[in-house]
Each structure stands twice: as structure tokens, then as C-alpha cells.
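A, B, C, D, E and F are the chain letters, set down in written order, and residue numbers restart from 1 in every chain.
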Amino acid sequence: MHRRWQSTILCDLLVTLILDCIDLMLFLATFWPASVTGLLAQTWSDGTAIAATGLVIVFAVLVLLSLFIASLPKVLAFIEPWFPQPSHLHAETAHPESQLPDDEVIAAIGFVLHTEIMNQTGSTGSTGTQK
Amino acid sequence: MHRRWQSTILCDLLVTLILDCIDLMLFLATFWPASVTGLLAQTWSDGTAIAATGLVIVFAVLVLLSLFIASLPKVLAFIEPWFPQPSHLHAETAHPESQLPDDEVIAAIGFVLHTEIMNQTGSTGSTGTQK
Amino acid sequence: MHRRWQSTILCDLLVTLILDCIDLMLFLATFWPASVTGLLAQTWSDGTAIAATGLVIVFAVLVLLSLFIASLPKVLAFIEPWFPQPSHLHAETAHPESQLPDDEVIAAIGFVLHTEIMNQTGSTGSTGTQK
Amino acid sequence: MDILFNFLNTTGFASMTFGNAIMIVIGISFIILAIRKDYEPLLLVPIGMGAIVGNIPVIEGMSLSVYDEVKYIAGDDGSITYVPGSVLSYLYFGVKQGIYPPLIFLGIGAMTDFSTMLSNPKLVLLGAAAQIGVFATFLGAIALGFSFSEAGAIGIIGGADGPTAIFLAAKLAPHLLGAIAIAAYSYMALVPVIQPPIMKLLTTREERLIRMKAPRKVSKREKMIFPVAAFLITTLIAPGAIVLLGMMFFGNLLKESLVTERLAVTARTALIDIITILLGFSVGASTQADTFLTKGSLLIFGLGAASFAVATAGGVLFAKFMNLFLTDKINPLVGAAGVSAVPDSARVVQMVGQQEDPHNFLLMHAMAPNVAGVVGSAVAAGVLWAVLTG
Amino acid sequence: MDILFNFLNTTGFASMTFGNAIMIVIGISFIILAIRKDYEPLLLVPIGMGAIVGNIPVIEGMSLSVYDEVKYIAGDDGSITYVPGSVLSYLYFGVKQGIYPPLIFLGIGAMTDFSTMLSNPKLVLLGAAAQIGVFATFLGAIALGFSFSEAGAIGIIGGADGPTAIFLAAKLAPHLLGAIAIAAYSYMALVPVIQPPIMKLLTTREERLIRMKAPRKVSKREKMIFPVAAFLITTLIAPGAIVLLGMMFFGNLLKESLVTERLAVTARTALIDIITILLGFSVGASTQADTFLTKGSLLIFGLGAASFAVATAGGVLFAKFMNLFLTDKINPLVGAAGVSAVPDSARVVQMVGQQEDPHNFLLMHAMAPNVAGVVGSAVAAGVLWAVLTG
Amino acid sequence: MDILFNFLNTTGFASMTFGNAIMIVIGISFIILAIRKDYEPLLLVPIGMGAIVGNIPVIEGMSLSVYDEVKYIAGDDGSITYVPGSVLSYLYFGVKQGIYPPLIFLGIGAMTDFSTMLSNPKLVLLGAAAQIGVFATFLGAIALGFSFSEAGAIGIIGGADGPTAIFLAAKLAPHLLGAIAIAAYSYMALVPVIQPPIMKLLTTREERLIRMKAPRKVSKREKMIFPVAAFLITTLIAPGAIVLLGMMFFGNLLKESLVTERLAVTARTALIDIITILLGFSVGASTQADTFLTKGSLLIFGLGAASFAVATAGGVLFAKFMNLFLTDKINPLVGAAGVSAVPDSARVVQMVGQQEDPHNFLLMHAMAPNVAGVVGSAVAAGVLWAVLTG
């Protein structure tokens, strides 16, 4: 469980990777246009720059998100003394907004139990006409 | 149960109260403007008149509604001989438009009953693979 | 089961019927205007033509649909060797998209079964507080 | 006190017309009919309440009626201002543009089982025969002086299908939409009253006693292929029915494909219920006395009654005609279900049949012409729209 | 690398204002309050998340805010171009045009049981008395320099009814809609905090101990007739309330008619949930710092707090006044439920009552003025709209 | 007889083009694929039926196609007339304006459990790596001569996320929307066909046998905080993703707050189902042969296939790259789930993993990059929108 997300090492590596990636694409941007028939060098250069920027930002956002998620349990453990978990969070199944079908399921349970009790006490007269 | 809504007395009182209320507000309308800094007397006067009107109408509507509700059982009892309560109003649970879950609940009941009968007659073979 | 939709005979008859129908209406179209007060002959004639056309098309569509439906089982039986019925079509009750209430119904069944088992083994202690 | 008296002058009591009072009474009658007689309650209750709401007199200058629509005003400087409509006008938009009816058809498709029709193809023709009511009414309306477009919209009342009637009226004669919708739903509610005498008049006791063979079992694959094939067959001939039948067969495909069950469930519950509420209520609210209580509406109601009678007769007589050529006879009562009005007219067939023979179960057989009648009137609407537009 | 740095300049971090940060913190606070205190979570969670979403700074030229609405541009050649709005502006349309509130009222009607009110007609008056909060706040707003229309929209906060407040604000003062909606829902959430001290201050221990008679059983027929009759009574006098009360009583009729149960179920589940999500989220997203963090909003919040206090006092004092004439005394705590804020204020009554006598069950009695308060504030909104428009 | 023959001339049979026939066959194929192979049936069935409906030839002058939109006509006198659109154009409005995709994301958020991602933060990066497919396709599209805006919209097919693709296409290249949507959903359906060979090619048997540690239990509080925090982190950097991610995290908050369960239930049932029906059907109906069967569409399909392959390879290779630095190795198959296509690509990972070791359960681990891939492609869409607009 410990050392499961070696942030410092991996982070450095990621930054290096991303910058390398950009360098590679900018390099391609200067190199490829000639080989792409009928495409203006400027267009291709702009396109690779946009693609590189986009990929960098996607990585930046998800790296940040990843770091946040990794740190969240620690932060919560740290602030626990000041902001304890409220107990009602554990009781959500009893929340009054639980959906409609519940009532019917409870009714079904009740009906079946009632029928069973009836059966077992031998009085089976009226249940057949309930519904 | 009888005399629970002494309409005549209370009604008179309410009308008196409402008219007094208007008088009070109109009185305030002529009196307060000087004390409200920077507010034109006319604006204040119009505002109180609107407020008084509004409150009167709200009371009027709800008093009428209240009187209607109070008289409704008597009216219904009076017309009962000519417009009897149709019997099907008592049978709404059997209405064909009852919601979807019902079928499933009935299926559940049926399934449980079936299982029980199976159990009690000792033949438990196939029920496990029904669903 | 055989000869249940004598398509050839009935088809001929239907076409005849429809054409007769049109003839009748076109005949009416030339005949009635004089008797309809204040209505121009042209309007009435156009109207009957539209009505006749409409009825013919409705019949044509539904006759075609009827013939298609009648032939469908035969076509399916004919192509069966090349396009067999996939087996999963018979297993739709196990499909993951089956609706929400199912879970609750299953829960109800489970609960009732559990309660029953409890009852029959004599331990009735905690079930009353489950829900 | 001036404001109070001015206000009282603007209340409903002061500006209520006799027409408004009549419409409110009609609305209340619809609700009572729905509750006490169980006649089409899912539509009569919303329409009835809508009619009451739409006939409370409103204050001059307040935007409340379904007819207080969005307006666009061009300024001198080229600017365009959007003047909002009333809330009810936004809800009515789906009626006026014909958006609600196809969505209702989607739900109907997702709840309809075409099995009985697939196992009894010849009964499909009864759903065509009943459309004679549509075209007879069309001619009747022309004879009474309505324009062709108006006559088309009035004729479709004979289709006995609310959404179809609203759709076509929205396209051909929006000014008659309220009257046509109310007439269509009124007579659909009155199917148990209108049809039985006609059915008995046109059939002998022997015919009413005919028992029909149990329908064969239809395979899942047939039910899957049907909606797509039926859509192609119907709309390649009558493209005007694309929207209505496209949605209905789409809903049916959602049901029968077995892999989109959750969409079918929503289409036939939440979606159709929401649209039914909005459609019924706003159609009701559009029946304001000043636009509704006209001689035209009265004529429409008369023509509507006639159209239901003709459609019923058409279905019954065509069944008798078909029996001339068939070995396995059709019980001609079943023809009356061709008017659609699903499922009420099929229930009427069952009821009338059981009056002669309590052990004759015609309901299942009647469902075939019943759903065929829905297709038939949608096709009729498509044809009328195509012929009478542009 | 230019594009990267240009892009970073347009990110939220760069253009975030202090106001945006405050609004995001307010949004988070709403969510925390809803989760930890269970205060009106169905509205505070959507509004809170909406406030966060609406305060992320957006890029110049991208159409993202609720205020980036559809525009129409007239060309020189008479052509008119439709310039689309942002996605959020389409969702906000239902708020701005007042379409969502009546649909929420439809669902509320379909879930409300008017039985307690029908069995206790005199308690209806408490729902009227609490509307003193509306009109006192109206006067207060005028005194603070707001225009009549603005004052009307602010006053309705005292009605303690979110949809009504949004509806009237949309009609009378759209520029204040965000502040009014937030104030209304905030104070509705804070009802358990605001009301108890006022209730205790204005009542004696003896009064708080009063037990009320068990309400009589109400027949099904009374419940069926009520929505239609109540609609006629209320809107014939106050036609401005047609849309809100029309929808509420329509929903109630769907429930009580017993023949349209499936429509009532959908109205009080799928339909009201969908509208609640859209309304809460888009109202939240309309609280952009630059339009929301103004001196006006602060005044509105102050007036809102006062209006809740006055309304509570009005209800309690009127109950005491009524007791002067009644044999069967009313527990004056019940008057506090006249503000509506269904069902929170009724629960507060129950809670305060049980602090004195744990065996006194006031909840059922408090529901009567509670639902009457909804009707009362809808009527007040209708009157203010009628008087202050045009 | 003239009218009859004129009518027959306007039927679909007469004016059907070869392209229409091809599109109808494609629509039928979609439905068959959905039914027989269970490939994304919730979208392929509506799109397939929509394609059939949209390719029935319609009558000149009748307003039926999704492209028959509302028009505004200015009169000489300054009046402006509203010319209604077809029914399908109103349903298509939510596609064209990008309204449906965020509402679908709301439902997806309300049904997504982010637990596996919260317990495995490093797997989030795989969801970023797979977006290489988006940007590679963007460059490919430019190389093939598409404009920057078009290339951006085509590139997002590599995001393997239908709603995101439709949203960005609506904003950047509405004229390609149909082709892009169809390509995106087709390849999402074909994920079980496209991904396995690439996954096997790029991994050794040893790598495919790697078992991963069971994820830790995530607390309720983490799950509550996550949607709000994740929204702030992602959209403060990429504001273009505000609408899509705002709705997704809003839906997730409704689910995880535990106090708004009823809203979450509706968002993930009735609401998402209704929108899915409308979106799928109207996207399908927009694929009319004359606008759809172009060389551009063919190129888009080719680029789409390439983008899925590149995205899969990107995910797998990045997982192998991360393994260079990690003690607890990642099974590189899991990287393939970074393309999103929830939950099909995660299921493919599970399936390919079990081909080597039937007792290796990768599904849970694959869900982390799977949902991260949804966030990743929404961010990519936001960036492309921001950079390529205005």
C-alpha cells in the first residue's frame, strides 16, 4: 500500500516525456511539409503545434487530477479531527427520498407474509379475492 | 364535530379585520412618507395601497376557499340521494391503468408462493434455474 | 393451417373491388353536383377524386402489408438454413438492460425467502428491524 | 381603495362571458365522464382541466393564453427583438407544430404487440375498410362548405386516432385544431356508446356467434422484422405518414429488438406520460370560448359523429364481404375494431360478442384490425397531407 | 510554443476574478449544507453545482454562459440569421420564460394530499396570514429604493416558495432573478434556523402545549371535487395565478381522480425530477459574479430574511387572534407553517411542539396551513403580477 | 384518375435514389448488428431506424427532413413571419445546438462509479495517453486537406465518445456532423473487433498475464468531494469542457451526495433514455444520402478507424512505458481501455486478459482508465473548441 504512487519520480519523468513529445512534434513540423503533397508548410506547422498543445493540456489536466486523487485520502485523514465524517452519511438507505418501487415491494412482502401466515394457520378463505 | 366552524361570527370578524387593516395601511400611507427619507409621498402611498389591496385579495380568496371547503361535506350529503357515490370509486386498486411495477410485484408474489409450495411439497429441483 | 390466405383469388377480387369503387365514385362525381346546393361541380368532382384516390392508396398499402405478413413465415422458413435464429434471442430475460424494478423484486423475493427460512428454523429475532 | 376596485374589475367574475361558462361546464363534464364512466380518462381528464383553465377570463395585457405567442419585432436599426410568449403558448407549441403526436406514437409503438395482426394477415384489410369513414367525412365536409384543407383535417376524425387527428389538423387547418381534437377524443371516449347499435344492426345473430380460430404463435424474429419492413412498405407508398409511422414502428422496434428494452420502457412510461399531460392540457386550454364556440365547431362535431358511424359500418360490412370468399369465416363484429380507438373498440367487439355467446373471446382477434386501423388512418393522414398541401 | 502560452492565458486560472472565487465557495457551501444538514438538498445541490459551473471564467468569444442567448440578425436583403445561443442559455430558457415553475407545481400537485386542509378549513386562513410577509417586504423594498416591479418580485421571497418566486421574478424583474431565487431557496433551507426563535418568542408555554383534535376522514369525492373547485375560486378572483395554480390543481386532479394514476406517478417522479435538475442547475449557473455580487443582491438577502421572520410572525399571531373566537383552540405554532416551505416548516412546527410535549403530534395539523400557504403565495404572486404589469 | 397517377409519381418508389437505398441497407445493417452482436444496441438501433426514416424520399414541398428548419422572413412593413420547420427538425435541434450530449453526460455521471479510478490514480494517465488518437487523427485530417475546424471535429472520433464527438462536431463542423456521429458510434460498436489484434500485437504473453492488486476501498466522502474538485481542476485549465464535464460531474454529485438520490435515479433512467432516443433517431435521420454519401464521409470513416487503432496503441504503449518506473506493474492490456467507449473497451480488456489466464479479472482495473478516457476526450474537445473557434 505504501509507495504506490511515487509522485516525485514519475512526475519528473512525465514532464520530461511531455516536453520531449512537443520537441518531437515541433521537429516533425519543420521536417514533414515537403513530403506532404500540396500542403502548405505553414498549415502543417500550425496543425502540429495545435496537436502538441492539445496533448500537453490533456496530459496536464489528467496528471493534476491524478495527483489530486492520490493526495485526497491523506488530506482527508489530516483534517479528520476538525471535520469528522457525519454519521448520517452512513444511513442513506433510510433516506425518505428512496424511490417509489420500495412501497410496492414492501407491500408485496407484506402480502406474501400475510398469505403465508394465513396458510400456516390454516385459514385460507379470503386471500384469493384480495387482488 | 358540530359548530366546528362558526362561519357567521368568524366571517363578520374577518371582514371587520380586513377593513381595519386597510384603514390602518391607508392611514400609514398618509402619515409615513415624511419619515422615509428621500422617498416621494406618492410612491409610498401607491405602494401601501397596492400592498393593502394584495393582502385583502389573498385573504378574500382563502376565506372563500375555506368557506367552500367547510360547506362541501354538507352539499355532498345533501345531493347524495340524486348523485350517489359510484361504487367503482372504491375499487381503484383494480384499475387497469395501475402502474407497471405491479406486474412485477405480482410476479414476485407468484414466484415466492410457487417456491414455498414447492418447498413444502418437497420438490425443490428446478426453481433455482428459473431466473 | 394450409390455404388460410388464398392470396391469388382474394387479390384479384380486391383489385376488382377497388377499381369498381373508383368507378362508382367518379360516376357519383359527375352525377351529384346538381343536387348539392350551391356547390360548384368542379369542387365536388375534385373532392370525390381525392377521396377515391385516398381510399385506394390506403387499401393498396394495407393489402401489400397483409401480403407481406402472410409471406413472412414462409420466407423465414426458406432462409432458415442460411440465417439461423441466433440462440441469444431466446435469453432476453437475462439481458443486462432489464429494468430497474427487477433488482427490487429480487430483493423482495430474497427477503421473503430469508424470513420464511428464519421462521421455519425458529429464529425470528432480528428480521423485524431490517428495514 | 381605487386600486382594489380597479383590480376587482379585472377579475374573472367581471369579464366572464356566457361562452366561457359553457366551456368550463364542458370541461367539468369531460372530467366527470372520465371518472364515472372510465372513458379514455388519460385524455379526457387533461383536456377537461385544460378547458377549464383556458376559459378563465384573463386580464387585458397579461400574457396567459395559448394564443399569446412569441413575436419578433424588427427595429428601424435592423435589430430584432424577441417578445416572449405565454407559458401555455410554449407548451402548446408542441401541439401546433405537430411535435407531440409522433412522440405519443413512439410510446404507442413501444407498448403495442403486433402478434395478433402478424398471425392474422387478412384482418389487416378491416383496418383499411374502416378508413371509408375518413373519406366519407371529407366529402361531407366539402358538401358543407369547408375548404379542401379543412375538410381533410375534419375527415381524419373518422380515423378515430387522437394523435393522428391533431397532427393532420396542425398541418392542414390549425384554426380548427381545438374543435377537431375535442371531437376526436370525445367520440373515441364514446365508442362504447356509438358502435354497438351499428354493429348489431348490420349483423345477424348467426354472424355474431361465429367463433374464430385461435391465432398461431408468432416467432420473435417475425416481430423484429415487422416494424422495419412495415415502415418501408407503408411510407414508400405514402411518404406523408413518415413521421407518425416512423415513430410508431421505431417504438415497436425498440420493444421487439429485445436489446433496447430500457428505451422501450421509458418510451411507453415516462415519455408518453409527459407528452400526454402536455398535449391534453394544452389542447384543452386552446378551446377558448371565443375561438371554439362557433358554427364551424358544431358542424365538426356533427361530421365527427357521422364519421365514426360510417367507419364502424365500413369495417363490419367489409368483413361480411370478405366472408364471401373465405373458408374460415371472420366474425363481422371484428370489423368494427378497424376504426382503431385502441383498445376501446376492440373491447366493444368483445363485449358485443359476449352478449350473444359468453364463451366467445373476440378480443384477441379484434386487436388485429384495431392496430391495422392505426396504420390505416396514419396512411390516410399522410395521403391527405400530401394531396392537400402546396 | 506560442499556442500553448496563448492557451494558458485563456484558462480559468488567468481570468478568474475574486467574485468568481466567492461564488464558487458559496456554491460549495450550498452543497455542504445540503449534504451535512439535509437542508432542501434537491434544490441546494443543483443550485450549488450550477453556481460553481457558472463561475468558471470562460474564454472570450466562446458561447458558454446562460446569458449568451439566441440572437436574430437582419441582413440588408431582408434575410434573417439565427445566431445560436449557448447550451446553458437553452436550459435557462425555461427559467427565464417561467416555464419550469408551473411544471414543478404540476408535480407538487400530484404529490400533495389536501386531506388535512379539507378536514380543517379554518386553518386555511393561516396560509393567508403568512402572506403579510410578502407585502411587508414589498413595502420594505420600495422604502429601500427598488422600483415597484422589483419590489413585487423581491416581496414574493416572503412567500417561501421557490417556483413561485422564480415565476414572478421572471415576469417582473428578470435582472434580479438569480438573487431572488437564491435568497428564496437559501431561506427555505434555513427555515429550521429562522423560525423556532420567533415561534417561541410569540407564544406562551401554555399555547405551545395545546393539543388539537384529530382531523376527520375526508371522502374520495371531496378530494376529487376540490382541485377543480379550488382552481375556479382562486383564479376567478386572481387570474394572474392561472398558470401556477392551474398546473398545481391539475396535478392534484390527476392524483385524486383515481383514473389517471399513471400520469400522476410520472408527474411526481420523472417529470418533476427532470425539471428540478434543469431549473436548479441553470438558476445556479445564472449567478455569475459580475451580475450577482451587487449591492442589490445584498439588500435582497436582507429583505428576504426579514420577510421570512414577518411571515412566521404573521402566521403565529393570526392563529392567536383566531383563538379569541374559537372553542376548539388552534395551537399557534401551527401558524408558522403558513409560510409554506413545504414540508420543512410543518416539520419545524412538529419539532418545536414536541420540545414542550413529546406526545403532541402537530405535523398533520401543520400540513393544512402549509399547503394553504402555497396557494396563498401563488395568489399573492398573481395579484402582484396583475397590478404591476402594464 | 389523374390524381392517383400524380400521387403515385410522388411516392417513394418513384423518386428513390441509389444512395437512399444504400443508406437504408446501412440502417438495417446497424439494427442487425445491434440485435445479433449486441454492439451498442442503445445507439445503433435508434440510429439505424433513423437512417431508414431519413432516406425515404419525400415529396417536394412537404416539410419532413431534419434539414427543413425554421425560417424567419422579414416583410416590407417590418413584420417578421415565423415559418415552422419539420417535426424532425425540431427534434434535431438538440443535436445541432449541442444540447443533447451534455444531458447524456448528466445521466452517465449519475450512473458512473469513480471508485476504481479514485483507488488507482496512476491509471488516470492511461486515459490521457489514449487521446493521442485524437490529435494524430487531427493531423491526418489536415494532411488529407480538411480545414482546421473540420480536422478538429474529425479528430475527436478518436476520443471514442459519441456525445463528445457530436458536441464538438456541432460546434466546429456542423456539415460533417452526421458522418462523424455515425463513424464514432460505428467504431465504438466495433471496439471488440478493432482492439484485440492491436492489444495482442503490442504486448508479450508475460505482460498479458500480469495480475494487478485489488483496489483499496474508497470512502463515501472521497466520492462526494471528487466530482466538485475534479470539475474545478479540469475546467479551470480547459474551460471549453465546462458544459460536458459540468454536466457529467453534476450527475455524479447527484449520485454520490446521497441526499439527491431521486434526481440521480431519474437522470440515469428516464432522462438519459429520452435523450438517447431523440439523439440517436435524429442523428440517424440526418444521414440523407445526398448529404451523407460523399468522398468526405469515406475519408472520415477511414480516419476514424485509424484513430481508434492509434488510441488503443497509445494506451497500451503508455502503460508499458509507466511499467518502467513502477514497482506494482500495470497489465498493459488495461491501457486499451483508455479510449473510453465505456464500458465496451473495459470488457474487451477483461476478455483478452482471460484468454491468457481465465482467473485474471481485469475488468475492475480497466474501468479506471475507461472513465478517465471520458474525461480526457472531453478535455481534448474543450481544447480543440477553444483553439479552433474565432
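Note that in this section a contact is a pair of C-beta atoms (placed from the backbone, for glycine too) under 8 Å apart; a residue touches a chain by one contact, two chains touch by 3 or more.
Just so we're clear, the structure is a prediction, and the values are computed from it rather than from any experiment.
**Q** By mean C-alpha position, what chain is farthest away from chain F?
**A** B
**Q** Going by the average position of its CA atoms, which chain sits the greatest distance from chain D?
**A** Of all the other chains, the one whose centre lies farthest from chain D is A.
**Q** Interface check for copies chain D and chain F. Shared numbers divided by all numbers used: above half gives same, below half gives different; which is it?
**A** different
**Q** I'd like to verify one number: the distance from the centre of chain A to the centre of chain B, where each centre is the average of its C-alpha atoms, in whole angstrom.
**A** The separation of the two C-alpha centroids amounts to 44 Å.
**Q** Taking each chain's centre as the mean position of its Cα atoms, how many Å separate chain B from chain F?
**A** Each chain's C-alpha centroid was found; their separation is 47 Å.
**Q** With chain centres defined as C-alpha means, what is the inter-centre distance between chain C and chain F in Å?
**A** Roughly 34 Å, centre to centre.
**Q** Give me the residue numbers in chain D that touch at least two other chains, ranges are fine.
**A** 3, 7, 35, 38, 41-42, 72, 74, 80, 237-238, 258-260, 262, 265, 269-270, 383, 387 - these are the residues of chain D that touch more than one other chain.
**Q** Got the chain A residues that touch at least 2 other chains?
**A** 46, 50, 52-53, 57, 89, 97, 99-101, 105, 108, 112, 116, in rising order.
**Q** Which of the residues in chain E come into contact with chain F in the complex?
**A** 3, 7, 10-13, 16, 24, 28, 31, 34-35, 38, 41-42, 45-46, 49-50, 52-53, 56-62, 64, 72, 74, 78-80, 82, 84-88, 90-91, 269-270, 273-274, 276-277, 281
**Q** Which stretch or stretches of chain C touch chain D in the complex?
**A** 1, 3-6, 9-10, 13-14, 17, 36, 38-39, 43-44, 46-48, 50-55, 57-70, 72-73, 76, 85, 89-90, 92, 95, 97-99
**Q** Where on chain E is chain D touching in the complex?
**A** So the residues of chain E in touch with chain D come to 70-74, 80, 97-99, 102, 106, 224, 228, 231-232, 235-240, 242-243, 246, 249-250, 253-254, 257-260, 262-263, 265-267, 269-271, 383, 385-387, 389-390.
**Q** Residues of chain E touching chain B in their complex?
**A** Going through chain E, the ones touching chain B are 117-118, 121-122, 124-125, 127-128, 131-132, 134-136, 138-139, 142-143, 145, 148, 151, 216, 219-222, 225-226, 229-230, 233-234, 237-238, 258-262, 265, 321-322, 325-328, 372, 375-376, 379-380, 383-384, 387-388.
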